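Notes follow once the structure below has been shown.
When the chains are written out, they are named A, B and C in that same order, and each has its own residue count from 1.
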Amino acid sequence: MRSIWRHRLFWPVVALLTLIAVNSIARPNFIKFRVRDGELFGAIITILRDSAPLMLVALGMTIVIATRGIDLSVGAIMAVSGAVALTIIDNSGDAGNLGVVLIAVVAALLVSLVLGVWNGFLVSVLGIQPIIATLVLMLAGRGVALLITGGFITTVNSEPFSFIATGYLFVLPFAFFISVAAITVIGLVERRTALGVLTEAVGINPEASRLAGVRSRGIIWGAYIVSGTLAGLAGILYASNIRAADANAAGVFIELYAILAVVLGGTSLNGGKFSIAGTVIGVLIIQTLDSTILFLGVPSAQSPVFFAIVVVVVVVVQSPRIRNAIGRMSRSRQPKAAAVEPPVEDKQKAEVTR
Amino acid sequence: MRPLLELTGATVRFGADAALDRVDFRLFPGEVHSLMGENGAGKSTLIKAITGALPLDAGELRLEGDHVAFASPHEAQAVGISTVYQEIEVLPNLSVAENICLGREPRRAGVISVRLMQARAREILLDLGLDIDPASMLGQHSVAVQQLVAIARAISTDVRILVLDEPTSSLDLDEVAELFRVIRDLRSRGVAILFVSHFLDQVYEICDRVTVLRDGAFVGEYLTTELLRIDLVQKMLGRDMADLKEREHTDDAAPEAAVVLEARGVTAAHGIADADVDLGEGEVLGVAGLLGSGRTSLARALTGVNRPHAGIIRIEGAGVHLDSPRRAMSLGVVYSSEDRRRDGIVAELSVLDNITLALQAERGVLRQLPVARRRELAASWVEALDIRPADLDRPAGTLSGGNQQKVLLARLLALSPRVLVLDEPTRGIDVGAKVEIQNLVGELADNGMSVIFISAELEEVLRVGDRVAVVRDGRIVRTAPAGALSADALLALVAQPDEDGE
Amino acid sequence: MTAMATRIQERASGPSFLQTFLSRHGGMMPTFAAVGILLLLFVGAEIFLRGDFITPRNISALLLDNAYLLVLAVGMTFVILTGGIDLSVGSVMAFSGILGAKLLADGVPAVVAVPAMLLGGAAIGLMIGILVQYFDVQPFIASLAGLFLGRGLAYVVSLSSIKVEESSLLWLQSTRIRLGDWYITPTGLIALGTVAIAAFVLHLTRFGRTVYAIGGSEQSARLMGLKVARAKVGVYVISGLCGGLAGLVLTAYSGAGYPRNGIGTELDAIAAVVIGGTILTGGRGYVIGSMIGVFVYGTIKTIISFMGAEQSWMQIIVGALLLLFIVVQRAIVARSEGRR
């Protein structure tokens, strides 16, 4: 029992379940599903579908944060990716052709991958602080996207392209399958290869990792490439959903929500131990909260206030000051627990973090 | 004469360990007093206790006979105790004058008067014999000048006690001479100076009195003129009483077996110059030297951690270019750092992950060790090295120092290396674990592994090593069979300056 | 001894004016580079546009059009000098602007509305500062909370734009103090005044020098007994206050409050500060440099609109300039680390 509530995903899961419970009570429709033309509808389905872009971006962000980095450029990469895809489809003259759409998607993903390579180069080779390095693309990326679309909002009417975000496959939204596929691939790659543990080692102690022969440069570089590519896929989803490439609106603030999702999922911004499952839960919390706020009749434009409160609560609860205070309280109540933890470690750690 | 500052029975505990155990210390006005001891002797802790950075758990601090207790460095400063820390605490982005006056700038109606500030700074600097432009950026100046500016700041208030923690570690000889001139001048004005340095020459040149600490305990207080250098070193290092299996030593000066690792003229910046090393198969080469002698620089240069500036390294006769630890590992040369916490353990990862880290890194990202194999491997090392608690999933950072060292050893041994370079593997760990590690090194060598074993404890080096190389002032001054050296002879080699050594 | 002796001799032989200047103000080199870029832009545009660019009207308009950004950049400079970052300024500006417009529209007198705008900004800054200093939250994340809060509150005040009718506020923009063809508005004076006050505070008060000291090494600053906590919270309050003031300037400029104002403006402000020669890791830079940075930004914008090119080039060029400065800074830092 004790091990359950000590589990790092305990609080995120509780938060998500609480949100779902509150919603279910406040609006019974929330947990109802309707089947229409063999397609499933309902509030929860909408959450799963709409969360796909954020899910993709947050997965990439998790890996980058695990290496002690951050990727601010994801929103801009989304804009570029959408612009590339739609421009190709628009110029092809045959928007409904599946082959054209596939080429457009692959091209957009390749461009995103190159942008990820660029970020990774600045961070891992030139050694520029991640916040600053990715700021460059965050700033210039939207300009590039606007340039690609010629300054307009490119709209297309392409059946296969729209399918990506709004289509259904076996009663469930196609976008949901993309989410699940990305989660599965990232989860498998991180845990079935050694990438996960090596990434954590680099994030926790870069010098010790170097001495142990870990190729940290490649691992860090790879993280930005993954993040860029996933952001590109998110950009395609976004563009598919609105059937347009809007360089100014695509992925605005998504980097911030993605970082929030990662932090909500229990991954520390200081790098190291990360949890894909935690990030998934974090994304779902954000999307459910968004849906709740909307339900409450609050204009969606005002929802940032709620997220600001969430951010403040989460960071304050995670802060060393509060942790130590809680630690002292529980230690004074449970002297046995104190004996387990080596006090020397604590003091040295406190000195280091100071 | 009454001591200006007197510390009696000082005890500082970190958890269960006493970093300082009933230590006495006196400081007289107008003297330069040195605090001596190896790593972990308690020097820094003592300084922090005097300067208010750490509270005493027991004992008493008296200033001119009156009991005092400082809650912060600020309070200590207010009564005239100034400190210049080891890592120079200055601000290279501000002017020289500001570094001296920051926080107490002359002001007129709340506005800083730059003119007055620079005039005051110039006065203090000239006092120290330093004619530099107070308006210039501090970062423009050499490390020595920055050091002197830090001292200028320390003495710009009414200073009675000046604590200098390793002030010379980054200075060259001329700069040291300049610093000493300033120290002598301050001494003649009645300032009491606590000078901490691991350079014996400097201690003998400048200090009037020495207090020796070892493992947090007080060893003794001596007048420098009455204490032979060799006695000082012996007091610092102490005698190791642990019981050990004796290894059989050969008496040959050169390794009898085939040479595995051969280094010629290895030179690295700040540390080691022109070092020659021959390491035979199944041989343990002990490396003896004091802190700062170049022992660590040598180890890091031989293992690709720091790229050497010059020199040739051959492994089994083939010249190699060791530009990264990874390259060295692929050639079978592995290094265990003296600083476990910083360069060794990945604290939040489990024992399992820590043990298999290097092996996995060598295999690459894609070829993950199968989970069962990993556990089996780690479990076998945990058992072989008696790592406790034998819990593979525990974060490695929560283990004791000795067990962390064993985890590190297991990580390296899992690679089946040919050459194992251990930098102070037994520092700061309990006696039991120490003996186990020493015995393990012997067993490994008996099975054909070549080991370089670095330690400040001379008995340990003599017992574990087949041959012993002595490092002093960045050079290997002697390499001899362990059997041909007595502990006293080794002590003499480690401690004495060149002329007397050979 | 010899090294010291030669150094002293060097001094005795009398350093050239240039040497003295460099040793005292070497940190200003990036700012001079920014001035160089600005001049280059002016000259280039003048040639390209055949003498149509450097006119009193254009240059006066440069200050007028970018007054709000200048105010934001000043606040950002304080934060970046401590090694922090403030992402909230764009949102805070929007919040302050719409708050002011709403209050004035509701008949609240300007003497109450204007202080309320400034205090609103400062309050968000205070929250960020407290999170950073007392809860060890990374400045990036703490100011992210500020960004959300400011933007959300702006929409809470009003979902659409509110026109400002209050004459005293419009006076700030409509008044032209003329000198020949040159002119300046009260908003321009506010921006320049902010720069002057900031330069004074940063260079001649203990608070200002503590800001620089923290950027150099927070640990050292603490060991020197400086009031680090106060200064660290203070810079975020100042940045928030500048956000509020920028909201006032922008509202006067556009004659309305609009909750969508200033999306992405924090990036422009950061870019201007960095282009002006302030190093993002803190400790080096000048508020005057940030002013130059804003002018570089504004000039590029003007040139692009003169040429009739896509505004998207703006973001790309500013991004490229940012990259250039960051790489150069990285090289400078790497060199100074090598020296130690």
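Note that a residue touches a chain if its C-beta (ideal position, glycine included) is under 8 Å from a C-beta of that chain, and two chains touch if they have at least 3 such contacts.
All of these numbers come straight from a predicted model, not from anything done at the bench.
Shown here, the protein chains touch in all possible pairs. No other two chains have as many C-beta pairs in contact as A-C. Centre-to-centre spacing of chain A and chain C amounts to 31 Å, using the average Cα coordinate of each chain. Centre to centre, using the average C-alpha position, chain A and chain B are separated by 44 Å. By the touch criterion given at the top, residues 192-195, 197-198, 200-201, 204-205, 207-215, 218-219, 272-273, 341-348 of chain A touch chain B in their complex.
Residues of chain B touching chain C in their complex: 73-74, 77, 85, 89-95, 98, 102-103, 105, 107, 110-112, 114, 131-133, 135-137, 139-140, 142-145, 153, 170, 172, 174-175, 177-178. Residues of chain B touching chain A in their complex: 14-17, 305, 324-326, 329-330, 335, 337, 341-349, 353, 357-358, 360-369, 397-398, 400, 411. Those residues of chain C that touch chain A in the shared complex are 85, 127, 131, 134-138, 140-142, 144-149, 151-153, 155-156, 159, 259, 263, 267, 270-271, 280-281, 310-316, 318-320, 322-323, 326-327, 330, 334.
Chain contact summary for the complex, chain A toward chain C: residues 70, 126-129, 131-133, 135-147, 150-151, 247, 252, 256, 259-260, 263, 269, 299, 301-308, 311-312, 315-316, 319-322, 353.
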